[in-house]
Amino acid sequence: MAMILEQAPVRTVTEVGSNVFQLTFSSLAIAREALPGQFVNVKTVDGSGPLLRRPFSISSVRDDEVSILFNVIGSGTKALSLMRKGEGLDVLGPLGKGTFPLDDDAYETALIVAGGLGVAPMPFLRASMPRGKKQFVFLGARSASQVVTVGLEDAQVATDDGSKGFHGTVVDLLRNTLVGNDLGHPRIFACGPLPMLRSLRELSEAKNIECYVALECEMACGIGLCQGCPVESSGPGKKYRLVCNEGPVFNALTVVF
Amino acid sequence: MAMILEQAPVRTVTEVGSNVFQLTFSSLAIAREALPGQFVNVKTVDGSGPLLRRPFSISSVRDDEVSILFNVIGSGTKALSLMRKGEGLDVLGPLGKGTFPLDDDAYETALIVAGGLGVAPMPFLRASMPRGKKQFVFLGARSASQVVTVGLEDAQVATDDGSKGFHGTVVDLLRNTLVGNDLGHPRIFACGPLPMLRSLRELSEAKNIECYVALECEMACGIGLCQGCPVESSGPGKKYRLVCNEGPVFNALTVVF
Amino acid sequence: MNETFALRGLTFRNRVFVASGTFGYGDEVSDVASLDLLGGIVTKSLSLRPRDGNPPPRIAETSSGMLNSIGLANIGVERFVAEKLPKLDGRRCAVIANIAASSVEEYCTVLEMLDPLSRVDGFEINVSCPNVKEGGLSFGTDVSKVSLITKELRRRTRKPLIVKLTPNVTHIAEFARAAEGEGADAVSVINTLIGMAINIYTRRPKLSTVTGGLSGPAIKPIALAKVFETYKAVKIPVFGIGGISTWEDAIEFLLAGASAVQVGTANFVDPAGAMKLPQEIVRFCESRSVRDVGDLVGGMKGEPGVSVIQSWL
Amino acid sequence: MNETFALRGLTFRNRVFVASGTFGYGDEVSDVASLDLLGGIVTKSLSLRPRDGNPPPRIAETSSGMLNSIGLANIGVERFVAEKLPKLDGRRCAVIANIAASSVEEYCTVLEMLDPLSRVDGFEINVSCPNVKEGGLSFGTDVSKVSLITKELRRRTRKPLIVKLTPNVTHIAEFARAAEGEGADAVSVINTLIGMAINIYTRRPKLSTVTGGLSGPAIKPIALAKVFETYKAVKIPVFGIGGISTWEDAIEFLLAGASAVQVGTANFVDPAGAMKLPQEIVRFCESRSVRDVGDLVGGMKGEPGVSVIQSWL
């Protein structure tokens, strides 16, 4: 698992939703090493953004092309959204030893659950899924206009205001689906806002389903140097685990969130 | 003499020499108020540049269009060079009460002397010159590739290495021209590096020619708020004068530089 | 919505001021900025005699900040009274005269000259200007001197008396307590931090005085911590200063314990910016059902949030 | 070209180090950065027992800087010796063990555990970590404590002993003199400045400990001024720290009086950046006919330049 630091040429920057951008850059080395759930830590080469790098989930990988998906929130994402084809993106990655576990036989069905832009890591996760696993995708958003389905067109959608798909939260939608459907041995893969992840953990505990969640938190380095990104661990031993290094994906039972 | 603060749309950004850019923005109010020798204090609207504004001489004015001419030196000028048509430039100006005095009868011939990018204010100065004044333009540069003649195509050129025009400094060129030519009552208008301005002052004192120089120095505000831009005054009274406010153009005899 | 704020019987229109030395005497930029929208202006530090100030260079830009070494260049109290004060007549904002001096007597003399003038609404005492050799530094880092100056000035005026503290000390709270103890009505926190910069090609310092005062967004976190420390230590109001440019910055200072804020370096970047803050603060309060801007003061909650940046989701 | 630098008989390959707490224990980023190119690495502060550190959030970004409140999270000296030190075997750079403690005895114990180990080339003593309640702060702002710690540790080691000072004091020179007086071989200047930030929407501090340590380019001018103050006050070498990211920054510190520099926060942005500095510094020296990088140390010229930015002409 090598870590790569390079100036990768930007291929495309596309607005794929309201205020949501997909940025694709070319890096054969990162494309080769990347695992689902990992992230890259990026900045603009010309230094026009803020001081620290910004972490983004690896959203899709195709040949030498790696994509990230982001909301324009502040100066970092603003600078990224203004990048042009051919400009250099300063990328450090792929990062994170805690990835979505896909390759074992302990599950048959992947329940992929994303809230809001938590869809980001999912296209890559799905593309990496071994043959023979069933996949169900559940997307939640506040309202229809906020649903981002890039690469997840077959998803079942839930909106808080009912303006698209199921009227309610994505966890309610999943709960309904679980009732009466035989999903074999399911495993949950999730990314989204904390309240969603929390209610998902509850559901998974109640139903005794393994649940993996992608967490995020403030990061200064993204590579284990600063100790800035702890999440409390629920087990014995170390009090904290580093999201950047031991995560960003954790078994929901092993951490406190 | 009103001061205007506005977000002026950028019309064009053109590379007019090696690493030299001309940026034109639209501001009817500034175009109307501007006097030759004045400057504008600018920053990018999106905040991609450094903290403080950057001062630039008003280089030309046509209808509602105002141009500045600059070298890309650091982050401020870099950000300006990357601006695109239609983007907003945050402009404060026109600034400076010390301007090139053009409208009196005490001179007949304008000797316009510029070193390097000291050409910047000269097109506007020439366009503002009253009818009936003779004009001679002298440009100095290190070598041919560094001569910028935007709007000053009839200039006599001196290069330090002799690769274009007169071989020597622009002040030597002027000195030669003064010998044997009857220029009536001349007045010097100059902008350029300090050594050039100093030797020009010497020449003008020796020949008893009035000499006006555009100075520059570090500025935080450009409008007299910070007291950050003093130049020593050579006369009695106040020890310092503010370049932003009482300048940037001074009679060479009144200040120490 | 109540925006006002009172100090010793004087009511300010709102809680946004411009800081000393960053807005001249209030008459320079009337073209683009209306003083009427401010709670008050604090003048450039006034000394008894006019001061030429330090030789150039006086300014150097740094990452998100600037260094200055103005050397208290000012026109002196007499010319201020004769030439500048009349121009402030009719302005609706308060005028706080900032005083700098090289002796306790000089502080007293300047204050006594200004105290009878109705257009001077109050005083801010600069005990801390770091870049004047005979000036502030010695007073501002010595608790007993800060006590003494406050005491002497308090005896001489009934107008609001604000002591402006230097951050270049180990415990700013001690200095705030000293000022409070001698009857100051408020403290201003912070003046600039000592800093320097060198041009590596010429090997010369970028300021003529080698070191100077650092200001701007770079120092905001330090200023906030000093305001918080002071707020916890004294009962008198705190003017929060240091790197404020947006309304969000202003609110951050109020939450940390500032009763009002002063905008400094940001005036150089946008001379009309400070005037927009009062209205923007009101808008924020309205959106949060806060009825009095003063309710924000010291309103930081104890427990920090969970460690999650979830704004993107 | 001589790049080396010696301290108490130990010769460092060059004058560029990575700062404590910003490069882990040197084993994290071997994929992208080679330690062999550095003068040395300073480890994360080591305490006697492992420390969990502070609750999240521990990090907040600010203008050109960042706040941290790590709380000295570290694996403890025993695991460092067992697990980390062996990984540094064969690295050509020096290893400076940084020690943090909550009592004079703990400092001594940790040093005594490390002193016999040949891979530990020297010690840096963190007397100044501002965000650990039982830790550094109390020592670092009390001159007598700094003297005491230096004295006790000096008796226990013949290896280079560097005392790392806090900038959160009125006169850092006093502390440097105290360390020098008790036999320290060098001082490191500066640790982080106390700062804070508040999320105005949640009204909660951005750090779990409310205040934390400010670092990064924002503090560079302050750090330079502290280095200069220290350089003038003591004869022992000064490690310059604070906001260094480019070779220009490094040279600015050398000119201000630093004998060597440490890169901190910049490692988070570019973990391979510090390794490029030695070569870039050499290139600068070559272009200026400087034969020994050490000739730059304290090489600032007295008189400032004229006030003219003429680079555009």
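Observations
Each chain carries a letter (A, B, C and D) given by its place in the written order, and its residues are counted from 1.
By definition in this document, a contact is a pair of C-beta atoms (placed from the backbone, for glycine too) under 8 Å apart; a residue touches a chain by one contact, two chains touch by 3 or more.
Everything numeric here is computed off the predicted structure, so don't read it as measured data.
The chains that touch both subunit A and subunit C are B, D. The most distant chain from subunit C, with centres taken as the mean of CA atoms, is A. With centres taken as mean Cα positions, subunit B sits 54 Å from subunit A. Between the CA-based centres of subunit B and subunit D the separation comes to 46 Å, rounded to the whole angstrom. Between the CA-based centres of subunit B and subunit C the separation comes to 36 Å, rounded to the whole angstrom. Our note on geometry: subunit C versus subunit D, Cα centroid distance of 33 Å, whole angstroms.
Each of residues 55-58, 64-65, 216-217, 306-307 in subunit D touches at least two other chains. Each of the following residues of subunit A touches two or more other chains: 217-218, 229-231.
Within the complex formed with subunit C, the residues of subunit B that make contact are 2-5, 43, 50-53, 90, 92, 217-221, 223-232, 238-240.
Those residues of subunit D that touch subunit A in the complex are listed here as 21-24, 28-29, 31-32, 44, 52-53, 55-61, 64-66, 68, 70, 73, 216-217, 265, 267-272. Contacts from subunit D toward subunit C in the complex involve residues 55-58, 62-65, 67, 141, 168-170, 193-200, 202-211, 214, 216-222, 224-225, 228, 243, 248, 251-252, 255-256, 284, 299-301, 303-307. Subunit A makes touch with subunit B in their complex at residues 46-48, 75, 78-79.
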